[in-house]
Amino acid sequence: MDKPQFDPGLTQQYTGVLKRAINPNGQFNVRRTGAGWRDWHPYLFMISTPWPVFFLLILLAFLVVNTLFALAYWAVGIENLKNAEAATAIETLLNAFFFSAHTLTTVGYGNMWPVGPLANLVAVFESVAGVLGFAIATGLMFGRFSRPSARFGFSKTMLVAPYMGGTSLQFRVVNRRSNNIIDLEARVLLMLVEFNEEGVPHRKYSQLTLERPSVLFFPLTWTVVHPIVEGSPMWGKTAEELERQQAEVLIMMRGHDESFGQSVHARFSYRYDEIVWGAKFATAFELEENGDLRIEVDKVSLTMPAELPGKQLTDAAADGR
Amino acid sequence: MDKPQFDPGLTQQYTGVLKRAINPNGQFNVRRTGAGWRDWHPYLFMISTPWPVFFLLILLAFLVVNTLFALAYWAVGIENLKNAEAATAIETLLNAFFFSAHTLTTVGYGNMWPVGPLANLVAVFESVAGVLGFAIATGLMFGRFSRPSARFGFSKTMLVAPYMGGTSLQFRVVNRRSNNIIDLEARVLLMLVEFNEEGVPHRKYSQLTLERPSVLFFPLTWTVVHPIVEGSPMWGKTAEELERQQAEVLIMMRGHDESFGQSVHARFSYRYDEIVWGAKFATAFELEENGDLRIEVDKVSLTMPAELPGKQLTDAAADGR
Amino acid sequence: MDKPQFDPGLTQQYTGVLKRAINPNGQFNVRRTGAGWRDWHPYLFMISTPWPVFFLLILLAFLVVNTLFALAYWAVGIENLKNAEAATAIETLLNAFFFSAHTLTTVGYGNMWPVGPLANLVAVFESVAGVLGFAIATGLMFGRFSRPSARFGFSKTMLVAPYMGGTSLQFRVVNRRSNNIIDLEARVLLMLVEFNEEGVPHRKYSQLTLERPSVLFFPLTWTVVHPIVEGSPMWGKTAEELERQQAEVLIMMRGHDESFGQSVHARFSYRYDEIVWGAKFATAFELEENGDLRIEVDKVSLTMPAELPGKQLTDAAADGR
Amino acid sequence: MDKPQFDPGLTQQYTGVLKRAINPNGQFNVRRTGAGWRDWHPYLFMISTPWPVFFLLILLAFLVVNTLFALAYWAVGIENLKNAEAATAIETLLNAFFFSAHTLTTVGYGNMWPVGPLANLVAVFESVAGVLGFAIATGLMFGRFSRPSARFGFSKTMLVAPYMGGTSLQFRVVNRRSNNIIDLEARVLLMLVEFNEEGVPHRKYSQLTLERPSVLFFPLTWTVVHPIVEGSPMWGKTAEELERQQAEVLIMMRGHDESFGQSVHARFSYRYDEIVWGAKFATAFELEENGDLRIEVDKVSLTMPAELPGKQLTDAAADGR
């Protein structure tokens, strides 16, 4: 029996033009169809939708419920809403609408009020519905506001850099925020397209061994290094081969965020055309007079040319950054 | 001393007619008696009960508390509730009830209001009780709404499929929602009924080794594969033997849901009569013109016949899906 | 250099009369002094204090804040509180107090209202303070209500039971609630008092190896078994020796509660006088006619006599349960 | 290829005057520049800022929103706010401001109320904005109040103490609060400054092996011990060498807090001048008459002189504590 190949959960089969596996925002190029309404989770939708959509939907829901209760007061008899009756039907209906709003939001000015058991009952229902309904809206509001997220700055390019007498594949990452991230781990995969005997392409994934797969603290930059030693899937590869094989390096990071009190994740990828041969990262921080380290987060991408052992400096690395 | 047998926490002893160990909804066929009221946790009940029961209980609780405070105003003397006195006792009591509702929900129209220290004190108590009581109701409301859950689509059947020159036991799973699940793990157990020398049946559990026990990403389908190699409890088993032994394959999955920011779990099981011999899964996704992958979640169950090595294609696999 | 002894974080040094290390409620017999007010965390106190104390403190806080604002209205001039002035100073002050309550709880009847900038400003402050203050009260309220907890039923006694031709130390545990607990782990320590050459007692801890340290599911009972084999600290021990050494078995359990969506913990301990020699646990569940298993949670303690290999049945086990 | 050196995520390169790596409050001496507004997370800021700043910002936000809506009523026509018109424009504007506050906080006295569709619509918007806006404020309020934190007391000094016939590096830690912390882990790093052949300093980090890297319970003190055996980076080091190498011992602790139901972290460090040679910790607890252990949390720093094998007692340890 043959040994199966490593697959991180993206497919190996693939025909036609290839898009990158992971987009710069960490998402996959996958569209999902056939899911029914039972698969839809309103919380998941409302927590992920953009803010304008969120506010629009909250407002819409408010208007619908508010109008329904206004109609209920109308049905029960608008004469049971003290001070709501006005010259025209429109004005009276508007009054019912506004009274409904006073009740739903529990603001309850009292310029209008329900009279008699029926209108009163509707008002009781509405105020309870208001409290429970706004529980969803306010919970979502704060949930969105306080949602954990990582804001990592990845270097614009990956480097093939000199390392311990040999070469290595490197990228650099920085926490763009000033909150503490601890126990940060990186996992790095190399994806290559290979062709079988019939010429059918398939993707091949290999996990790249890292110099250090995790750091305890993350106040500065972290240069994640894969030493290109024998046995590495990068061993002996040239820039041309990586392009021919549509190479993409997939990166997953996970750490514990002390301010959110939760784990945060980040995904990123570099394609063959984002790999610079013969360069190394320049220091992104400097020592201030008071002894503090000052780190400039945008310098995470700052590189300088570096001669690879037994290899001429490539042009790409000459202009740095 | 003999070696103990593996038990995942379900029993080995078992007499009489067997039901499946895990229901399609992930629950066990176990009923619990003898627990007292001290074992009862109102939160656990309220968070798990169906929505209609939840709303009914919230409404009931509201009505009870509301009525109790209405009676308190009555006891204190309804003349201390300005504008509450009406022609009949019923109407007056209703007014007390509605004033109580205005206070409990903090809507406070002000068409009625308490006069004198006693009625005022009851109103103060009621409004504080209202705020604290609705804290429970609204917390539960949002807790239910935002409760993490996984919505995994499992293939309708498990397959005995050709694999690497031999055979394997396979099922396929898809995330029916479009949120990101990462670091998804699967654990698969085979449960067989065996008879000891006295003919007493007992259940025997074995963990099935998987081709890959976890995937890093889950945007597509994941075909979970147990290679049937020597040493596997499935080695040499036939469909007839699995039926005779009342075989059931128990599946536990766990992943990290990036939208909920929490781990999600799913349980599932296949019985002997849900295993198809001689079939393989058909691809559930296709490449769109723009380079996206389009996955149809219902195709997770789509199979096609596949000849097993040294074995005729079974009829069951011929009709696919 | 000698090898250090295992210590779970309880002390080894110990002179004088010994109390048990872990109380039946899972707490330790330790009192803490010398902590200052900066070490005090109001949340930790309010979330752990009994319900009556909690309500009393909430009410007290409400009364204090309410009174302070009432005095502020008085200071600003009670004539700025429309309808608050009454025949006596006491009545007027009470009116200020009740108006303050209307504002703090945002019930706002409107039978009284502030007039002029100063009284209005105090009212604005008070309503904001009310909203923010009740955020603490309601958060605590729901936090207490929804606080994760495990309700495990431990067997009243630990057993030395026959096991695989030898003997074993066993206890049994059941989930007294009907929510799902998965991936339940047990860790068991034996604590013995030993005397050094100078006759000074010290506690010695050893971790007991378990037949299975965890179960995947927990719908039934779990009999946690330590096989007494050579190398076990229980090997060759008699009931008399355990008593002389003041033996206590410490138990820690941890599982994932699917309803709380969080890990839950339980601690328990058995002393030498809670260990029964020569007994085994009787089945706590039975098969119902519909094929369900019915488990009676109180039967978790049900034992029956069982002859130990090469040992007479002890009296203690004869009366069971 | 050479072996890379261990780096916990702090830098190895370092020129100029050295500050300590970890401050007593657990923070690093790093300043971050170049981050843009997109990197700024309002939740992270509001949850971490000091309480006075927090309240000031909440109040400011309230005033701004309140004033904006007051201006909206003014724009719509103050005659649409019943009872708001006053003798002077200032007074009228103040009335609009106070009515706005009644609406934003949903207190709604009803001494003023909106008349006509436009003013009413603004009021509806404002009350909804109030409910949603206060969701952020109250969520932050409770989030800050209930934020998990550990309050560990570390001994003022680290000790080089006699241990098992040799020596060891020790510090002691206590939970200054009375809540339960379980499964507490410690990781300890030694940081030394070394000079390469060109005289350029760099930091070298080594993980110190601990006698026991974790404890199950933490009701008492925990003396964390690094045995100084051959192979330890402390082996053969003198106080003078540690000073010359600017030694700093970095400490990370992590445990599960049962009251917060979450993991808590603590960081600390000792510099060469906080290490006392030839001392040991004195017991910090005593047995009370009722059998309880009484621990005095401030005694965590209490030391007594102890002769090191083959070494005179240092003066520093002579005065204890």
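Order of writing sets the chain letters: A, B, C and D. Residues in each chain are counted from 1.
The rule we apply is simple: a contact is a pair of C-beta atoms (placed from the backbone, for glycine too) under 8 Å apart; a residue touches a chain by one contact, two chains touch by 3 or more.
Note that the structure is predicted; figures quoted are calculated from it, not measured.
A.B. asks: Quick one: point me to the chain whose Cα centre is farthest from that of chain A.
C.D. replies: Max centre-to-centre separation from chain A belongs to C.
A.B. asks: Determine whether chain A and chain D, two copies of the same sequence, contact each other through the same residue numbers or different ones, counting it as same when over half of the numbers at the interface appear on both sides.
C.D. replies: Different: fewer than half of the residue numbers at the chain A-chain D interface appear in both copies.
A.B. asks: Hey, what angle do you get rotating chain C onto chain D on C-alpha, to the nearest 5 degrees?
C.D. replies: 90
A.B. asks: Where among A-C, B-D or A-B does the B-C interface show up again, with more than half of the contact pairs the same?
C.D. replies: Answer for the repeat of B-C: A-B.
A.B. asks: Taking each chain's centre as the mean of its CA atoms, how far is chain A from chain D in angstrom?
C.D. replies: Between these chains, centre-to-centre, one finds 26 Å.
A.B. asks: In whole angstrom, what separates the CA-based centres of chain A and chain C?
C.D. replies: 37
A.B. asks: Which chain D residues touch at least two other chains?
C.D. replies: 102, 106-110, 134, 139, 147
A.B. asks: Enumerate the contact residues on chain A facing chain C in the complex.
C.D. replies: These residues of chain A touch chain C: 106, 108-110.
A.B. asks: Taking the complex as given, what residues does chain D use to touch chain C?
C.D. replies: 58-59, 62, 66, 94, 98, 101-102, 105-111, 134, 137-139, 141-142, 145-147, 149, 151, 163-166, 176-180, 182, 184, 211-212, 215-220, 222, 225, 227, 229, 256, 258-261, 283, 285, 287-288, 291-299
A.B. asks: Where on chain A does chain B make contact in their complex?
C.D. replies: Chain A reaches chain B through residues 1-4, 6-11, 13-19, 27-35, 39-44, 47-48, 82, 102-103, 106-110, 113-114, 117, 120, 123-124, 127-128, 130-132, 134-136, 138-140, 143, 147-148, 187, 189, 252, 262-263, 265.
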